[in-house]
Each structure stands twice: as C-alpha cells, then as structure tokens.
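Each of the next two complexes has chain A plus one other chain: chain B in the first, chain C in the second.
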Partner chain A sequence: MTAQTQTVTPSSRILGSRSLLLPGLFVCLLLLIGCLLWSITLGAADIDSTVVYESLFHYDTTNFDHLIIQTVRLPRVLSGMIVGASLAVSGAIMQGLTRNPLADSGILGINSGAAFAVVLAVFLLGTPSLSTYAVFGFIGAAVAAVIVYTLGSMGRGGATPLKLTLAGVILSAFLSSFTTAILIGDQETLDKIRFWTAGSLAGREMPLLLQTAPYMIAGIVGALLISRQLTTISLGEDIAKGLGQSTGWVKGIAALLVVLLSGGAVALAGPIGFVGLVIPHVVRFIVGVDYRWILPYSAVLGAILITVADVGARVVIRPQELPVGVMMAFVGAPFFIWLARWKVKR
Partner chain B sequence: MAAEKQLRPSWITIRPRGLNFSYKLDRRVPLVALGIIAFTLVVLVVSINYGQYNMSVGDVVQTLLGLNRDHPDYRNFTLVVHTFRLPRIVLAFLVGMALAVSGTIMQGITRNALADPYLLGVSSGAGLAAVALIVWLKDVPAYVLPWAAFAGALITAVAIYALAWKGEGSSPIRLILVGIALEAVLASVTTIMLLFGQINDVQQAYVWLTGSVYGRNWEHVYAIGGWLLVFLPAAILMARQLNTLGLGDATAKGLGLRIEWQRGLLLIISVALAAAAVAVAGTIGFVGLVAPHVTRRLVGPSHEGLVPISALFGGALLVLADLIGRWVIAPSELPIGIVTAMIGAPYFMYLLYRSRNR
Partner chain C sequence: MSELNAHDITLAYENATIIQKMRLTIPTGKITALVGPNGCGKSTLLRGISRLLKPRAGSVVLDSDDIWRLPTKALAKRLGILPQGPVAPEGLTVHELVAQGRYPHQSWFQQWSPEDERITREALEITHIAEFADRAVDTLSGGQRQRAWIAMTLAQDSDLILLDEPTTFLDLAYQIEVLDLLQDLNLERGKTIVMVLHDLNQACRYADRVVAMRGGQIMAQGAPDQVVTEKMVHEVFEIGCRVIADPVTGKPLVVPESRRRHATPTTDVVRQNGHRPNTNHVEKVADAAR
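What follows is the complex of A and B.
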C-alpha cells in the first residue's frame, strides 16, 4: 500500500470565484480582530469594551483594568492567536507533504517529543515553571523531528510520504510509551503535569510570548514564501519532479518550518491537537488546493478557533477554567462534521 | 539462475475440490507463519516459567500437556500455570490477534497508512466509558467495566458511521474526517475527567488507557475468544474483497464488487474485533497500527496472506510484551500497552531501515 492516498479534494470550493479570495481573507481578519477584542472583555471580571479600547491605545498604568488587560489578558489572547495560526499552518504543510488527511505536526513526533522532554524534566528536576516547560518542550520537539526526518529519508528516494509518516508514528509511539511509564509510576509528576499535557493558555505572560513568538512568526513568513512550491509538492512527488521542482530541498525546508511553528506552539501552550488537523481541511473546503491561499486562511482561521475556544474555556466553569485544548473540540467539531457531510461528495 | 527463479511460482493457490472457492497466498506465508508460531511457543514457555514460583522448563511443558499428573507438586504446578500465568498470556495473544486484524482491515478499507483499529472511535468511546467508571462513578462493581467499554466502543463506531453516511453511501474520506471530529470531542470529555479527578483514580485510569492484562482470568479469555472465533474466519474469508477495495471505489465497483455492502461488513468485523480487545485489555495502541505494516514487509501486500500473518504477528508481539513487562521492573510490572511500543518500535525502525531502498 502506498500513502499516495486521498488528500481531500473537495468537489467544489465555497469561494468559487478567485476574485472572492482576497476579500474573503479580509473578512476573516476582521472577524479575528473582533474575536480578539471580545476575548479581552471576558474573564474573571468583565471589562467594558470602551475600556479595552482605551487600554490598548491610551495605556494608563494607574488604572487597574488597564493593568489586567496589558499584563494578563492581552498576552494570553495574543499567545492563543499565534499558537492557533502556527499549528494550522504547520498542519497544512504536513498534510501537503505526506498527502495524508490524518497528518498534522504530530506526525513529525513534535508533540510526543515535547511531552517526553517536559515530563522527564519535571520528573528529574521537579521544577514546574512555564518557562522551563517551554525550553524543554522546544528542545524535545526539535530533537524528535530531526530523528523522524532522518529515519524517514533514509535510502533511495529520500523522504517519501509513507516512510516519513511511518517513522513519525513509530517514534511518537516509542516516546509516548516512556512518557506514560513515568506518569504511571510517579504520581507527583502526573499531578504537576496533567494540566500542561491538555494544552492550555492559562498564565501565559508577555516575556514567554516574546521568547517564543519569533520562531513562530519566522515559520509563518517562511511558509508563505514557499507556498507555491508546497502546492506543487502536494500534487505528488512525481508530478512535482516532472514540473522541475527540486523536491528534496522543499521537503527539508518545509520540515524545518514545521519544527519552528509547532515547536514554538508546544513550547508556549503545550501539546494542542485538533486545530492543526482540522483547520487545513476546513480551509481547503473554502479556497481549494492552492497553498498560496491555504496558508494565510489557515493562519487566520486557526487563530480564530483558538481564540473562541479560549473564551469558552475561561467562561464555561467560572471561576475555574478548562484547558483550551479540551474546549477546542467542543467548539470546532460540530461545525467540522457538518462541513464534511456537506462538502465531501465521494 | 535468474530465469529458473522466475519460473518458480510466487503464489500458492488453495482450491478445495468441489467448492467454488480459491485462496491465493504469497509463497512466503507458510514459512513466516511457522517462524512466528515457533517463536510464540518459545516465548510462551519462558513466560510461564518466569515468576515468583520456581519450576523447571520441563515441568512447564509437561503441565501444559497434562503429562505429569502423578508428579508430587502437580497441584501447585497446575495452579500456577493454569490459574495464574496462562490466562493472561493467552489473553495477550488473542488481544494482539484481534487488534492486528482489525488494523489490517481498517488500513485496507481506507487505503490510509495511518489508519488503525481505533479509526472509528473505538478507543475514544471505550476510553470515555472506562474513565467515567474509574474516576467518576467509583462504586460500580468491577465486572461492569468491560461491558461499559464495549458498549462505548460500539456506540461511538455506529455514531461515526451514521454521521458519515449520506444518500449515496459512505466514503472512506468522510469516515476519516467525521472520525477525527467525534473522537476529539469524546477525548476532550475524557481529558476533563482526568484533569479534575482524584490523582489515585486518574493514575488507575491511565493504566487502563495504556492497556493492561494484569489480573485477567479465563472469563476474559472466553469473552474475547468467542468474538475471535466468529470474526477472525470472517476476516480471512473477506481478505480478497479487501484487495479489490484497495484499488479504489470506482475500480472495485467496476470489477463488480458491491462496495457499500462489503465495506460495511468489513467495518463491522474490524470494529467488533477492536471493541472486544479493548473491553478486556484497555486501549492498547501501536500493535493495530504497526502489525499490518510489518507484515506487509514480510509477506507482501496481498490481504489473503496479510490478514492471518498479521494476526499471528500481533499475538506474538503482545505475548513478548507481556513477558518483558512482568520481568523488567519485577516484582512490580509495566502495563503491556507501554511495553508493546517500547519493543515494537525499535523492531519496526530496523525493518524500515532494511527496506529503505524500496
């Protein structure tokens, strides 16, 4: 069996005419900004939207509400947005690269690598702070991705989709087994880590955001720069080669971008699933198969999904909160099922 | 030499006289099957031999075959072998068989290398039911757990199939997408329980979610054995339809296959096997995903050989994993679900390396 299976090609895209694509993206951006403002107003104490506006543009350090917005809520919302954008973009890249609709950045072993490194760090060092999680998470993600890519590109033909996919699944399972062994054996570690492993934005503040955001921004910009090549390679290795593309280079760079994007995201917010898997499918239903449009739409819609899910996560059991990773499925799944039923004809 | 090699048939065809039926196997199948069976028997004896109570390998074999009834320690032997050690080993083998066959079918139907027995939500449905019982409704008696897991698995699978069904039928890609979404929802509910549950219960739930055969007895063996007795032969008989479905819906239809009907039957077989396995041993991962890939590298991609050989491979892998899990941190033990990936992954990496130029 080959992995040259179905990437989902919708029989008709929602934005049928090319001239609608750019305005559509603008509408989505406006929606994102709206979500951002809405999200800032909600929380343990609701803050009026005019106060939000003032705090953003006429920041007054003596005003308590302004202080909350600038130090707690704004960093959190921005973290969510950048994480959502990064995961969606890297998911889109991985689905194109492996030509598999079940792929996301987890396929490169990124989530399991990060989780293993973080759990090991907590187990050995016992110092749970968000910035240690971030450092170990990023290192674990990067090392796992390098191993997977090396394993997956052995031999003739380099990194074929099937080899890459299998290598990723194998390494993920291998690392997860050790992670679980630690968690089952050591109750204290399990207790400290269980909120992180669900993926959460709670308590993310400016310094951590500023540490991790550059990687993700670089990843998004890089992805947009090679979007044309990604379109070609998503048609299949043979076609890409036939069109004169140097596929080895594109695959290598794409994998590197995925590490920056998902590694940064997992460092900032923990292993968050769903968004990277689902948003690229949603976007393909809207814009078709051209990565020059898939990537920007994925970024914006991924950011919207996490922002909305995070609002839900904060308000649904106030004053406690749920991890955003959990909330996302509740927010996104019904819409996605409806979309899959409506748009997948075959 | 080369020409001579080509003349040897690479297939074995079984065609019972008088029956309108034939079965075509890759030439490597019998040898690989014998190899795996021999390996499993060796591991079985070692595994029974290993434990607190010391007995010789000869005693183990004789007790298994019932040859030493007049031995002074026979009562002890048979207690240790038949009551304590054998059931969980047999169970491990059966669970491995069920998951491997289920995964092989799922990958065949969806033509997706990442498909596994849990594609139709069996693990998330069973997991939700089990975690709810372990973490939340603690006073429910223990024997309810397998049934609840089984029911959770089946209900989820039916729900995904129903949601993916449209007027013109089911489609593999719609099944995959709906599966992703519904599983994410169930997994989220499970995560919430794991987040807010008491840490002792959460740990216990983790063990169940990883998969374990600790403390299982003959009741569990009979439970899954019954399902295998029905659905394993069914899977082997339908292997040929899997080959045809693998060519794509349009081609399969063109070749005269009633695809909705056949695919539905195969899905039922796959889900039933996976649900039975999960009910008795928890959501053991890896084996269902990897056994088909390993087997494909051993006996080629044709499903007639793939289904039975992957069953044997899955069984052997779990029997070995069970032994290692009991041995590695004795007197305590690692759940079988963890060990499966620990030993299976390096072996598969080696296979991947060996066939890197293909």
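What follows is the complex of A and C.
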C-alpha cells in the first residue's frame, strides 16, 4: 500500500461514534421541546411563560390566556411539529429509495398533487368536512407520486435522479397552474384557502390536526419499522435484491408511507417545500447513512426547523405574518442550488 | 455443494429477447468466466442465473432448488451477486458496507449478533481492507472500493459468488489485485466464482472454465487451453488473432491482429532489417513465442 492510502481520514460525520447517537437524539428532542415552548409564548397577546406552563398543566377554561394557548397556539405548534417531522421523514425515504439527493415531496410534485386535490375539493364541494381535506390530500399525493414515477422511469436507464426531478418539476408546474386557474376563477375558494396554498400554520385548529395527525404518526412509525430495509435499498436495487431483499415490497410500502406523510402534511398545512430536501442532508452530515438513525433524527430536526421557521414567519413583518412555506423557501432555495451544483452527478 | 444449472432459460427485457432456451451448468468449486463481445448477452445471462432478472421460460436450479421458489433471503445465503459498477451512498463507511452483507442472516428479531460482527471482520481481513474499515467508501481508490464490495458479498457467506465485470473501470494494477483476490477465494476458501469479464486474456489466466457467447448463444465452453483458439476468437469476436502461450502462466494468450495486419514494429527490428517487417515476419515472431 502506498503512503497515500495509509493516511486514514475519519469518515466525515459529526457523531462519528455510534455511542453518541442516542444521547444526540435525546439532546435534539430537548431542543425541540424548548422550541415548542418558545413558540407558544410568542404571539399577538403577550403571555409570559409561567402562564404558558399553567395553561398546559393546570388548564383553566375561564382564563382567556389559557384559552388562547389551548385553542390557538398549541394546535399551531403541534401542527408545525408533526408537519415538519412528516415532510422530513418522507424526504429522507424518497432520497434513499430513488438514490436521488434532490428528492423531496415538493420537488417530486407530490405536494402540488395534494394541494391541487384539496383546492379542487374546496372548489367542487364548497366547504368540505375536515376529513375530506385529508382524503383529497392523500389521493392527490398518491396520483402525483404514480405519475411522476411512471414519467421518470420511462426510457433507458429507469428512474434516474435527473429524470425523476424533471418529471416532478414538470408535474408541479402543470398542477400549480391548474390550482391557480381555479383560485383566480373562483373568489370564494380563493378566500377560503389563499393562505393555505402558500403553506401556512396560521389558524390550524385542533379538529383538523386530530383528523390528519394519526396518518402522519402512522407514517413515521411505519418508516422507523422499515428503516433497516431502507438502508439496504439505498445501496441500489440490484444490490438489495442480491442481499435477499424483496425490493418490490419495500418500495411499495415506502411509497405508501410517503403518500401518508406528504398527503397528511399538505392537507394540514398546505404545500411546504424544502423541509424534506434540506433536513435529511443535514442529518446525514450528523449521523451518517444508516436509516435507523437518519429517520428519527430527520423527524426531530424537521419538527424543529418548521417550528423555528413559523416563529420567524410570525415575527419578521409583525403585526402581519408570512406563510411558513414562504419562510422555508428563503432557506431552501439557496440550499437546493448548492445541492444541485455539488451533489448531483449525471 | 452448490451446483447451479440453467434449464432452457429464455431471458428478455420488455420486448427484446436476449437469450433463448439456453442450458448452462456452473461447476462447483471452479472459476467460470463469461466472455463475449458487447451485447452478446453475458451480463443478461448472469442476471438471469442470479435472480436479478426473471426468465420468461425455463428454470434456474441451485442444487435441487428452483431459485425463484426459494425465499429471497435463503437464496442470498447461498448465492451472492455483485452487479456491475455499484455506487455506495456518499459517506457510507467500509465497515457499514460490508456489514450489509449480513442482511440475509438478520430478521426483525435477530438484528446484529457477535457472529455477524465476526464474519464482517473476517471479510475485511480476507480482502485486506480492515485498515480502511472506518473510511468512507467514496474516498477509497478504485481497487480498494471494489474489494470493499467483494467483502460485502463475502460477508453474505455464500458458497457461490457471481460478479458482473468486477474489473471494468479499474487500472491494470487494480484489475490484477481484484482477480488475484477472487482466485484466492476460490483456491483457499472453495468459493465457486462466476464472473463476466471483458478481457479474454484475463479470463484465460484466471478461469478454470470459459463460456464464450455471441448473439445470446454459447459458442464454446470448457477449459481455456481447449476452448480459446484462433478459430473460436474469430467466430466470437470477429477478429483475426494469434493465440500464444502466456509467458507468465502458460495459459493461452490472445494477440489480436489489427484489421490491416500492420503491427507496428519495434525499433530494434527496424534497425536490424533496415526495412519495415512484413506481416510474414510478425507471424514468425508469434510462432516462435508459441
């Protein structure tokens, strides 16, 4: 061996030792709880942290501040948390499955599919029930996923990162123009969900959260259960088959989880892009390439990112507020360009 | 042991049939090389006998079991396959990659055992990459990287290892390094090895058995010294050649002729004779070497 090969460069990840991974996750969880509490204290009304504490643990229905926290702020932060976790986990699954560093439910058109379906539901049904939002979100996400995968796998070489990304971007543009057409033509629909279409956590109420959260929680739990299989398939489908994996099943289940996670997140908060793109890359930088760690870390860091972005959305142009989806675009777009320049080969 | 038999298999992609009703026996404990020009179906055949591609007709039988009827993990414990040019996810360490070879031995209940760790370590030692265990695969040289992938296949602990062009894209030194390793695995550990090779001379040197294909058909098969002849090379590769004895191993060495047969003379020859040697002369040199 030459001298060059003997210089050992340790693998570049922050938590290089496996024994640090569990404590690290615990620290991230504490950080998340901190962010949630911080987010709850912020808002139009000044409520200090002792009142927040009381309202959470000694809820008094006659206290106005308690009421604000329980009906407005708590649902909002919990929505942000579950949406962030879902989008990040679904992005991580997609990146592993398609071996595409640009995969994200926003870029692959799944968010636009869900958004279009929800807008269509509002347009056709007037004021749909809350569960209808979720159902349309899932259908839209599923149909978009199937269309993008079919378009992206056509021709030689199967589903390459470039073709999938192009298919996703094209479908996104196509569906977004339909969504816009509906909203321009129909003032009533526009008024109902204008803010939602930009991706927003404003005015999320407990009932909608309770309708959609079970699907997203099921999606996250399911993802954790197949995390070992995801690591193996991220080596490539032929390798995974050679190692005795039934890749058809793994891909099918993973696709179903992506639909549950992205569809649920869009139904609740509208299409929020970039979380699913940015977080898994940051997480890989911290923990490496094992999905048994990538997925839980993605869930927690995704939740933190959305919570912080939502705080930002409420603070930057006070007393007005930005949709959190717009905040995410500020962070995500430069990151996307960086990724496309450095990480995408071919 | 682990004899692999293809019974009248037909292999096709979508609407292009590549191989029709082929019979093939892979002998146990030997190195078999599949050779042939581009597009002859050698890689397709390898995919067909390793369960990466389902035959349209016919069956592939390992000992007495149809490989498509075995549970996927049960097959993976008996047959390892390394596809062509695998690419590891960025940042994956060598140890993590090799550990993936234990996948078929694990389940929901049995995740990572001391046995798995022992076999992973052993695979790293055998392939001489233990010192790189904690390095990312994408930071290694081509030869080290290929050895890491072979180590993963070794950790599967199967008697039979199939490889699709394990030396393609490697520098010559790395090619020999990888082929020597595979030969060691065969001689010292009794692994049955089947590989698709691009280089006919490497096939002659390392394989006990050569299977030469053209147009989806087997044109010749057998020990290199019996099979690799000028006539066979002409039939399979459509090129004239001389077959001489490899000065290093004594195995057949194929020296292709250029289409116009004007081999560039060495300066020595030119100086001695004072003129460009004709093709006759080149033939004499080749004959002398034989």
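Following the convention adopted for this analysis, the second predicted complex is superposed on the first by the 244 of 346 C-alpha atoms of A that agree within 3 Å, B and C clash if a C-alpha of one lies under 4 Å from a C-alpha of the other, contacts with A are read in each partner's own complex, and residues count from 1 in each chain.
In the analysis below, contacts are C-beta pairs under 8 Å (C-beta built on N, C-alpha and C of every residue); 3 or more make two chains touch, one makes a residue touch a chain.
Computed from a predicted model, the values in this text were never measured in an experiment.
**Student:** Going by the contact rule set out at the top, does A:Ala121 touch chain B (first), chain C (second), both, or neither?
**Tutor:** After superposing on A, A:Ala121 lies clear of both chain B and chain C.
**Student:** For A:Thr180, select first, second, both or neither according to whether it touches chain B, chain C, the two together, or no partner.
**Tutor:** A:Thr180 sits against chain B, while chain C stays out of touch.
**Student:** With the two structures laid over each other on chain A, which partner does A:Arg228 touch: chain B (first), chain C (second), both, or neither?
**Tutor:** second
**Student:** In the superposed arrangement, which partner chain does A:Arg13 touch: chain B (first), chain C (second), both, or neither?
**Tutor:** Second partner only, chain C.
**Student:** If you tally the residues of chain A touched by each partner, is the higher count for chain B or for chain C?
**Tutor:** Higher number of touched chain A residues: B.
**Student:** Determine, under the contact definition given at the top, whether A:Gly242 touches first (chain B), second (chain C), both, or neither.
**Tutor:** Only chain C; A:Gly242 stays clear of chain B.
**Student:** With the two complexes superposed on chain A, say which partner A:Arg99 touches: chain B (first), chain C (second), both, or neither.
**Tutor:** Second partner only.
**Student:** Between chain B and chain C, whom does A:Leu305 touch in the aligned arrangement: first, second, both, or neither?
**Tutor:** After superposition on chain A, A:Leu305 lies in contact with neither partner.
**Student:** So in the superposed three-chain picture, is A:Arg284 touching just chain B, just chain C, both, or none of them (first/second/both/neither)?
**Tutor:** Touch status of A:Arg284: second partner only.
**Student:** Which chain A residues come up in both lists, the one for chain B and the one for chain C?
**Tutor:** Chain A residues touching both partners: 1, 5-6, 8.
**Student:** Write out the stretch or stretches of chain B touching chain A in their complex.
**Tutor:** Interface residues on the chain B side: 107-108, 110-115, 163-164, 166, 168, 171-174, 176-178, 180-182, 184-185, 187-188, 191-192, 194-195, 199-200, 202-203, 206-207, 210, 246, 249, 285-286, 289-290, 293, 296, 301, 334-335, 337-342, 344-346, 348-349, 352-353, 356-358.
**Student:** Over in the complex, which chain A residues touch chain B? Could you list them?
**Tutor:** Chain A residues touching chain B: 1-3, 5-6, 8, 100-103, 107, 151, 154-157, 162-163, 165-167, 169-171, 173-174, 176-178, 180-181, 183-184, 187, 190-191, 194-195, 198, 273-274, 277-278, 281, 322-323, 325-330, 332-334, 336-337, 340-341, 344-346.
**Student:** Flag every residue of chain A that touches chain C in the complex, lowest number first.
**Tutor:** Checking each residue of chain A against chain C gives 1, 5-6, 8-13, 99, 228, 231-232, 234-236, 238-239, 241-246, 284, 288-290, 343.
**Student:** Where on chain C is chain A touching in the complex?
**Tutor:** Its residues touching chain A are 50-52, 71-77, 80-83, 86-93, 96-97, 100-101, 103-104, 106, 111, 131-132, 134-136, 139-141, 144, 153, 156.
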